[in-house]
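Here chain A shows up in two complexes: once beside chain B, once beside chain C.
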Partner chain A sequence: MVSRHDALAREPAASSNPVAVLRDFWQILRTGEFLGDLRVTLTELAAAFAIAASCGVVAGYLISRSQYRIRVFEPLFAGIYSVPIILFLPLYVLFFGLGPASKIALGATIGFFPIALNTIAGFGYVDRTLVVAARSMGASDLQLFRYVLLPAALPIILTGMRMGFTVALLSIIGSETIASLAGLGHRIVHLAEGMEMAPMFAYIAFVVAIAAILNTLVSALEARGRRR
Partner chain B sequence: MTLARLWRALRRPWVARIGVIILLLCLWEVAARWWVDPMFLSAPSRVFASLPALFETRGVPAALRVTFWELAVAFVLSVAIGLAIGLALGLQPFARKSFMPIILLLYGTPQVTILPLFILYFGIGPASKIAFGVSHGFFPIIMTIVAGVQNIKPILLTSARAMGASRWQILRYVVFPHMIPSFFAGMRLAMTGVLLGVLLAELYVSTAGIGHFTTLFTQNFDPTRLLGLISVLAAMAIVLNEIVRRGELHFSRWHTE
Partner chain C sequence: MTGEVAIRIRGVSHQFGEEGETRHVRALRDTSLEIARGELICLIGPSGCGKSTLLNIIGGLIAPTTGSVEVLGRRVAGPMPRDIAFVFQENALFPWNTVFENVNLGMIFQGVPRTEREARAWRALEAVGLKDFAQHYPAQLSGGMRQRAALARALSLETGILLMDEPFGALDEQTRMILGEDLSVLLARADKTIVFVTHSLGEATFLADRVAVFSARPGTIKKIIEVDEAHPRRPDFVTSAKFTAIRNELYALLHDEIRKTMAETSVSTLGGPAP
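Moving on to the complex of A and B:
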């Protein structure tokens, strides 16, 4: 241990001074060299989230329509959700290759479960009194959905979507780190393996900032949707 | 009559749930046998039949053992560190107000981005996996412990102090019993985090753990053994999660409100 610490202390490559990192950060922003990788990662994220959200909401809604289906499928989904799905990444790489397709598929799978589970919770546990009252006042199926079920379920679904978005983002950056051809995670690994510490820290800071901005944005959208 | 009873038995949710799982396995079996190239997908029956062969593959049992140890050590370290920091922050309002925002911020950042750093500092052996697992595991424990300590009714603390309890007695007889439900909820989240962290780091780069073999099987187009290994790991994850969940149910039973 001691000898390794000594080696690290002598070797300037294993860490970097903040001024150099700041300089490189500015460099990255000014030259716009991040645009290609950012575009790849964001495209993957958008596709994965679109698939996860549409499949999750549709599956969740269909399941939530009967108490029996909820009791069959909800524990099943919750059980699968508790397995770390990142384990299946090698399989996804085997099926979909090293390109964006495997990241989209993995992100969509991981994002699907929180969205589906929250949609089930949202539609499945609407207060019976509200439904019966609307029915007795002569609401049609469509009106019941539009004015009773949807407003009651929307806040919970939105929370599920935020959770799905966050885990999809994490899994996409993670799978880019492990095996990929392009993207922000790939860029960080590339710099780390070339021992280019200052630009690597700059990119890490960049990704953390992007993640923070995206998460804040999604939380703000969620809060907005809940208010209405 | 008997037919109706049989139908009722089949309609039970857990029977139907197993039915769904069997149906999916059958679909997978059919797809693997007749539609998909055997280079990419292998039928569940073959995966199951090859499990003994997997365990006889040189290095696989040792790799599973290494990964299990990484998980165990990372979990224990997460609990110890999380408990110490959580109690320190929870019991002292000044420390909580100063440091809690920093911890929340760190908890919110995606730690995958700094995975290469962990490898750089801790090497490609088990140490980096343990460190990365701990970095995922100890935040939820801090969160739940701080929340748990704060939720103790002040009247309990005041009355304990009024009856002349020492600092240690307050910790032992008031704080700890009230912390247990949230502590176990935190342990469950920590187990999820540790599994994610250790497995991510394993898949990224590995010399002795299972990551080495998942890479090997993927590159050799050997889906039978890859699926077998992944199934074994998934089973391990389910068992570990279930142990912690059972613990949570068991120890939070007294605390019903």
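Moving on to the complex of A and C:
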């Protein structure tokens, strides 16, 4: 702590000594002080994505079953998604409090849209000839879903899930910086408000690294799922 | 016409949409036909004359506006996977499955027991000459091979009736010729009733026992021509006088109908409903 107060006396608020940042970065990793906030953020992300994915796929499938529903809901979803939904965070905090629940709810809301839209696109635009051919050979509804609709739609749905994951992560970290009691975004803002620049940059670097790792993992999963 | 009747078409007509709607089309007009077991009948006619519509009605994919179809004595009310198999023009193979998996899947849909599927699949692939390509994906095959695979899938279902909707329509002339000859050989061995829709005069003359010539839309059968030549048809049948005479007759019957269709098309592009 002493070294940080010295640094504060010497450095202007907007910048920081890279050596000090690196030193704090290693210290954070070594002491494991990031674990608490990381766990909060990752838990929020996992819960938000689980909700967004399950609701998104189910809603997308149900909507895709009728042309009328597609024509109603697809533009509706696309329109809502183009609005910065993070602006509704104060409402979510009002309903769910400052804890993880509001972050999960917001992340799930935002992550829902790309998943639902891609699911609609995936199931709704399967080549009609494939469906007709399957029916002519005697496929039941369940067989049609399992052997025709699902494999046809899966690549597009996986892309939607990757997009949903990315926006959920962004919105969770973002909303943590605005109104939260814990989590990586919160930690960064807390440090900024305390004028502790070097550790703040260290945490920012840490969050960037985590986000990059997670996105790489998810993209790899998507590619594997598409490779068939 | 000898032999038992496999398909009985009685007074079938069909329209898409209701009168007054922009999409209203009278596709087929009062059509009746009896198809004998084991015969190969070609449906030929100008574009939009309803031959594909009739094929789909026979196969139970469309319910006709009027009239009825009986297959093997039973009224058609929907797809009959045990009795009727389709071969479509293209895009009917599942692109995420290999050729073998495609053939296998057809049998899963039909309900063939697991123990029989593999043997039947290999028999069908052998019959169409695709044994060495069983593990390939459709995208890795040429158009002709894809249609062979689609045919193998239909054959593996071991139905009595095969409905083929311009199966070689997307292929080049040479591939069509080869596949036509192979089909004739294959079908001489199997005892199947086949309804084959085509645009090609030569293909119809080469393959068919009878050719049903359709008029322009709304189509009905204008005339039925017999082709009295044993199966399998030898390649030199194409150069014979009999072949030429039949083909010429088809040309004479069709030419005016095609002109009528094209004239209607050019008029209706001036703001009428699309053909």
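Keep in mind that, in the parts below, the second predicted complex is superposed on the first by the 215 of 228 C-alpha atoms of A that agree within 3 Å, B and C clash if a C-alpha of one lies under 4 Å from a C-alpha of the other, contacts with A are read in each partner's own complex, and residues count from 1 in each chain.
Following the convention adopted for this analysis, a residue touches a chain if its C-beta (ideal position, glycine included) is under 8 Å from a C-beta of that chain, and two chains touch if they have at least 3 such contacts.
Since we're looking at a predicted model, the values are computed, not measured.
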| item | value |
| --- | --- |
| First (chain B), second (chain C), both or neither touched by A:188 | first |
| More chain A residues in contact - chain B or chain C | B |
| First, second, both or neither for A:23, with chain B first and chain C second | neither |
| First, second, both or neither for A:152, with chain B first and chain C second | second |
| First (chain B), second (chain C), both or neither touched by A:173 | first |
| Which of chain B and chain C A:143 touches, first, second, both or neither | second |
| Residues on chain A engaged by chain C in the complex (per definition of touch) | 127, 129-130, 132-139, 143, 147-148, 151-152, 228 |
| Residue ranges of chain A in contact with chain B within the complex | 4, 8, 14, 68, 71-73, 75-76, 79, 82-84, 86-91, 93-95, 169-170, 173-174, 177-178, 185, 188-189, 192-193, 200, 204, 207-208, 211-212, 215 |
| Contacting residues of chain C [partner chain A, same complex] | 59-61, 79, 81-82, 84-86, 88, 90-92, 94, 96-97, 105-106, 108-111, 157 |
| Chain B to chain A touching residues, read off their complex | 11, 13, 16-17, 20-21, 40-41, 108-110, 112-117, 119-121, 123, 192, 195-196, 199-200, 203-204, 214-215, 217-218, 221, 223, 226-227, 230, 233-234, 237-238, 241 |
